[in-house]
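Multiple structures are listed underneath, in structure tokens.
The same subunit A turns up in both complexes below, where it pairs with subunit B and then with subunit C.
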Partner chain A sequence: MNSNLTLTFSLMDPPYENARSTTAFRLIEAALRKGFHVNVFAYEGAVALPFLQQRAHANAVHGRDVEQEEHPLPHQWVQSLMRLAEEKGLQLQWVNCGLCVDERGVDQAVSGVRRGTPGDLWQFAQQSVNTLIIPAS
Partner chain B sequence: MKCLQVVETAYRATLEEQDDPVVWICHAMKGAGADLGVLLRSGAVNYAVTGQDPSGLAFGDWAQKHPPDLQGDLRALMEKRVPVYLVMEDAMERGLDPETLLEGIQLLSWSEVPALMEDYDQVWHW
Partner chain C sequence: MSHYLVLESRDCLESRDSKKMATLAEELVQAGHQVTVFLIQNGVLGARSGAVDFFWGEMADRGGEVLADEFSLRERGIPAQGLHPGVEPASLDRVIDLMASGCKVIWH
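And then the complex of A and B:
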């Protein structure tokens, strides 16, 4: 696989709402494992995916405390994908739509995530072999 | 690179956003130099209906000053030379009168959509 190839993903769903988000993360991981550089443009609710203030919680229904529950946190998934990209010598660029961040007050993102505009999405798309839009519905 | 934006999801948070997020991002990307076309399908064909008036939203002493103007946003896109297409069958299914649709929108039948897509390097489906 040519590691110079880049794929762009545009995500739109917020965390904890839809299985599309998990599927998107799986696709991004698969792309990295196959040697692609990956660009992500998070639009609308998806800007909350790398939000650092997400907190794990206990789950009484499951009968587990907070440590036992190990509740999934999407910002940790983003961090994990960033580490995977680094280990493989690939670029994972993640841009959050700045206006969407402001609307939601989710401006504390994990390291490596930057604020941007739709112009970044267009630039990403031009640099990529293809772009996958994963819209909300 | 030419890119066709297919809009299917309609009225997604248009009152909160005061626009449609996909139409909005088309305006923003056009400003960044993108070469775009827009195809309205499914419920989004209703964006082309003129005379929509979503004004009047109010909660307590808060009243919305700038309601969405979806047909105006589409008209502005066309003024920026972004062609806007609409799937005719989807409009007919919804009982939309072609006379009420925004002037300048190009009506296509589903059988013409593949040829339209052939004119673009990428198709983004929202």
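And then the complex of A and C:
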């Protein structure tokens, strides 16, 4: 258990665009399972990851309805990570860049996500044993 | 001496930037630093034993460590025995452990 240590991740990719988002979720989960507190600073398109208005859809091309398609929703993955942190008694702080949120109109985020600025990333890095920046390209 | 962790996510055939990262990693080893390269996502494609351009060989020969994400390997149907000699499959937990140890971590 490493419950006094924190790792920070900074993400930039929007949902449904790149495997980096999946990898970031895997890293956050691995860190929580190993007992680390986790900070996430979401920048640019990544602020849409916890957007509550994402909707599952059917797939007419393959003849599947909504249930059969089982379309993944990144905001549900964020909620799962929040639950995992709570179950383990750990902190998962998720800050969305406020300007990036406003630009994209994605201001309805899952519970536990708050608005912030790049200054939060600096503070996160100061509080953490390490920080991984995952750029968009 | 520092310990560097390079997370290489790019396919070696998609971008020659991977070669530049390999050169950087090799130079870090030459300068006396410890280097761990963790191949992830399409970065694992270049680790196949039949791959012509295995960029990380010289760095590994000089003492660098090359790991390949087990999940990314499974996604792409690459078995452990299909990897270039010197490349070890590893779980993402290794990345977390190395980050916690204070490695200087670079995502590419």
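Keep this in mind: the second predicted complex is superposed on the first by the 136 of 137 C-alpha atoms of A that agree within 3 Å, B and C clash if a C-alpha of one lies under 4 Å from a C-alpha of the other, contacts with A are read in each partner's own complex, and residues count from 1 in each chain.
Here is the rule we go by: contacts are C-beta pairs under 8 Å (C-beta built on N, C-alpha and C of every residue); 3 or more make two chains touch, one makes a residue touch a chain.
The structure displayed is predicted, hence computed values, not measured ones.
For the composite obtained by overlaying on subunit A, subunit B and subunit C can both be accommodated side by side without a clash.
When the two structures are aligned on the shared chain, A:L5 is found in touch with subunit C, with no touch to subunit B.
In the superposed model, A:T117 lies in contact with subunit B only, and not with subunit C.
Shared-chain residue A:A19: touches subunit C; no touch with subunit B.
Of the two partner chains, subunit C is the only one that A:L27 touches; subunit B does not reach it.
The angle formed at subunit A by the C-alpha centres of subunit B and subunit C is 60 degrees to the nearest 10. Using the contact criterion defined above for the overlaid structures, shared-chain residue A:E44 touches subunit B, although it does not reach subunit C. Of the two partner chains placed by the overlay, neither subunit B nor subunit C lies in contact with A:L81. Using the contact criterion defined above for the overlaid structures, shared-chain residue A:L92 touches neither subunit B nor subunit C, since it reaches no partner.
By the touch criterion defined above, A:F36 lies against subunit C but remains apart from subunit B after alignment on the C-alpha atoms of chain A.
By the touch criterion stated above, A:P135 is placed in contact with subunit B and with subunit C alike.
Nearest C-alpha atoms belonging to subunit B and subunit C sit 6 Å apart in the superposition, given in whole angstrom.
Applying the stated touch rule to the two superposed structures, the overlap between the subunit B and subunit C interfaces on subunit A comprises residues 130-131, 133, 135. Looking at the complex, you find that subunit A touches subunit C at residues 2, 5, 7, 19-20, 23, 26-27, 30-31, 34, 36, 129-135.
Of all the residues in subunit C, the ones that touch subunit A in their complex are 7, 9, 40-42, 71, 91-93, 95-97, 99-100, 102-103, 105, 107.
Residues 1, 3, 8-9, 12-13, 21-22, 25, 28-29, 31-34, 122, 124-126 of subunit B are the ones touching subunit A in the complex. Within the complex formed with subunit B, the subunit A residues making contact are 10, 12, 43-44, 117-119, 121-123, 125-126, 130-131, 133, 135-137.
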